[in-house]
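Chain lettering (A, B and C) follows the sequence in which the chains are written, and residue indices restart at 1 in each chain.
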C-alpha cells in the first residue's frame, strides 16, 4: 500500500500521492485507484487520509464560520454581502431584526447601508443556493472603526495558531482587538494607531511566512521592538 | 473582497480622512510622494519602441509602431501621432472586453494631449512626400495591472517608448521612400510628464493608489514639459476645485515632473 | 502559410534558420504570479513570444443569466496587443483571435473540476505582447499555470507544443519563419498524466507517417516544457516547503 510522498512535500496539480488503501482528503482526488493532488500545496497524511494544504486559495463558505463582509446591495428581504468568496452571500432581514419586520428600503439602510462592513456568521450554504448569513449573535454586528487586513484564506489557521496561541500573542502584545474572519479578512482595532499599525504589519508577515520555521519567535521579536518604541 | 464592486468601504473612507488631517496616507507615504517607479525599455522587439512602467503595483506597457500613410488634409506636411489605450480585462476585475469605454478613451486623449501640445514629437520631420506620404506613429498604451493612477504611468510609459524608439533611416527618391541600412531615433524635441493629484478634504495628494482613488471625488492631471510649461490639464470626477487649489496643483506638478524627468531621463 | 514551395530553411548540417537542431526548443522562460490584481497569473517568453495569462475567479458571472446550475462557466479570451506583430494590429478582435479563444478554452477546460463551483464563472485572459509563431501553445502553457496560481483545483497541468514539417523534415517548435514558409504545423496540447490530448490542430500537408512522427515529437516537446512549468510553479512556492514548525504542524488540518 504505497504512500508516494514525504510529509510536507510540495506537490503540484496532477502529482500522484498514494495508491490503494489511502483515502482522498482535502485538495486531492481519486482516479483509477490512485490519489492525486488537485492543488499546489504541501502534501501530508493523517491516519489513512492523504491531503494537501493549499498555499493559496479562495474562500468557500462553511456553515458556522465567522466572516467579515461588505454590504454591496439592498434587496427586498435582505442585504447582499460580499464575503470574499466566489459566492455572494445574503443577510436576510429576518436574521438582522428581532421583531417581525416590514422591509421598507429606508428602514433597512438605517441599519446597514451599501459600503458598510459587517462581522457575520454563515448559517446556510450548499452549492445550489447562495450562502445565508446572520448578524444577530453576540460578537456580530456592523463595524465602525478599525483596519482590515486581507490574507489568503488558507493561512487563517496559521494566523489563529494552535488553540489561538498566535492570535492571543498578537492581541496581548499590541493591546488591540482582532477579529479573524475565516474568509481571509481580519479586523484590527485599537486605541493607539501605532499599535494598530504594528498588528497589521505582523499579520502581513504571518501571511508571508506562514509555513516557515521560527515564525513565532520573529513575531515575539517584533512585538518587543514595537512596545519598546512607545514613548 | 472581490473587487468587481468598487463600492468604497465606509470605514476605509473614514480612515483615509482621519489620516489626511495628520498629513498621512494609508501606505505611509507623504502627501506629495510617488510610489516606487520602475522603468524598462525596448523589450518588445517587433515594436519600434516600447516601455514598461511600474508605479507601485500599477503596470503599464506602451508600444510604439511607426508605419507610413496619408497625412491629414489640414496638415499635409506633418506626420501623424495617434494614441490609443486598452484597459484589458486582465488588468482589473472591473475591466471588460469590448469596444473602448470612456475611461480608456479619456486616458488615451489625455496622454495624447501632453505629447502633442508639448510638441515632444516633431511631426514636421515625419513628412516623406508632402500631401501624399507621411509617417504615422502609433502609441498603444496597454494597462497590465491596475492599482491606481493610470494617467501618470501611461504618460510616462508613452513618453519613454517614444524617446527610445528606433525607426529605419530613409531618404526620399523620386517621390518614393527608400530605406537605408541604419536606424535612427524618432525626432523628439521635448518631453511631457504628467502628474495626477487628488483632493481629500482640503489637501492635495500626489499619485493616488487604487484604494485612495475610490475614496476621492475629485482629481486633476497636469502635464509639464522640459521648460516647466504646462501643456495639458484634465480635471476628472465629479468633485470641485477652488482656483487657489489649482494654482497650488500647478506648482506641485512642476516640481514632481522635474523630479521624474531627472530620474528617468538621466538614466537613458 | 505557403506549402507548395519551401525555401532553404534547413542547411546542409541539418541546422535550422536560427541554428537549432530538428528537436530543439526555442529558449523558454516562465514566471508565475506576475500580476497583483488577477487571482492567478503567469508570464511566458517562448522564443520571441511574450505572453501574459491571467485568471479571475471563481467569481459571480456577469450577466447572471449565463451562469450554469451544475458547474462553473469557463471563458477564455485570447487577444493580441497592437504592437505585438510586424504590422500594427487593430485592437478589435480578429477572426483568428476568436477561433484561438475557443480552442484554447477547449484545451484547458477538461483539466478543471468545473462541477465544484456551480453558478460561478472563471475567466482567463491571454494577452500576446509580442508574437513569433506558436502563441497558442505558449498561451495554453501559461494559462494552465495561471489557473494553478489562482488555487483552482485541477486534474493536471495542461501543456502545449507544436511540431511540423519544414524542408521535408519533421521538426519541433516552429518559429515564425518556419510557420510561414514551412510545409505543415501541428500544435498539440496534452495532460501528460493521462496522455489525453486536449488540443490538436494542423495546417499544411503531410503523409500519415509524417503526421504520426510530428505528433510524437510534439508530445515529447510537451514533456520538456512541462518540466519548466513545474519548475516555475515550485519556484513561486519554494520557501513554503521549509521544515515543519511545531505549532504549524498541528494547524495543518485534514478532513
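Criterion: a contact is a pair of C-beta atoms (placed from the backbone, for glycine too) under 8 Å apart; a residue touches a chain by one contact, two chains touch by 3 or more.
The structure presented is a predicted model; accordingly, all values stated were derived computationally and were not measured.
Colleague: For the pairs A-B and A-C, output the one whose chains share more C-beta pairs in contact.
Modeller: A-C
Colleague: Counting only C-alpha atoms to place each centre, which chain is farthest from chain A?
Modeller: Most distant chain from chain A: B.
Colleague: Can you work out the whole-Å distance between the CA centroids of chain A and chain C?
Modeller: Those two chain centres are 33 Å apart.
Colleague: Taking each chain's centre as its mean C-alpha position, how far apart are chain A and chain B in Å?
Modeller: Whole-Å distance between the two chain centres: 39.
Colleague: Residues of chain B touching 2+ other chains?
Modeller: Touching at least two other chains: 2.
Colleague: When you check chain C against every other chain, which residues touch at least two of them?
Modeller: If we look for residues of chain C contacting two or more partner chains, we find 59-60.
Colleague: For chain B, which residues count as touching chain C in their complex?
Modeller: Where chain B meets chain C, its residues are 2-4, 43-47, 50, 57, 59, 61, 63-65, 67, 84, 86, 88-93, 97, 99-100, 138, 140, 142, 144-147.
Colleague: Mind listing the chain B positions that touch chain A in their complex?
Modeller: Where chain B meets chain A, its residues are 1-2, 5, 7-15.
Colleague: What residues on chain A touch chain B, complex-wise?
Modeller: Those in contact with chain B are residues 69-70, 72, 82, 84-85, 113-117, 143-148, 150, 185.
Colleague: Give every residue of chain C touching chain A within the complex, in rising order.
Modeller: 39, 57-60, 69, 111, 113, 117-120, 148-151, 153-157, 191-193, 230, 233-234, 237-245, 247-248, 250-255
Colleague: Across the complex, what residues on chain A touch chain C?
Modeller: Interface residues on the chain A side: 7-10, 12-14, 16, 25-27, 29, 31, 36, 38-40, 42, 44, 46, 49, 51, 53-58, 86-88, 127-128, 152, 154, 157-158, 160-162, 165-166, 209-216.
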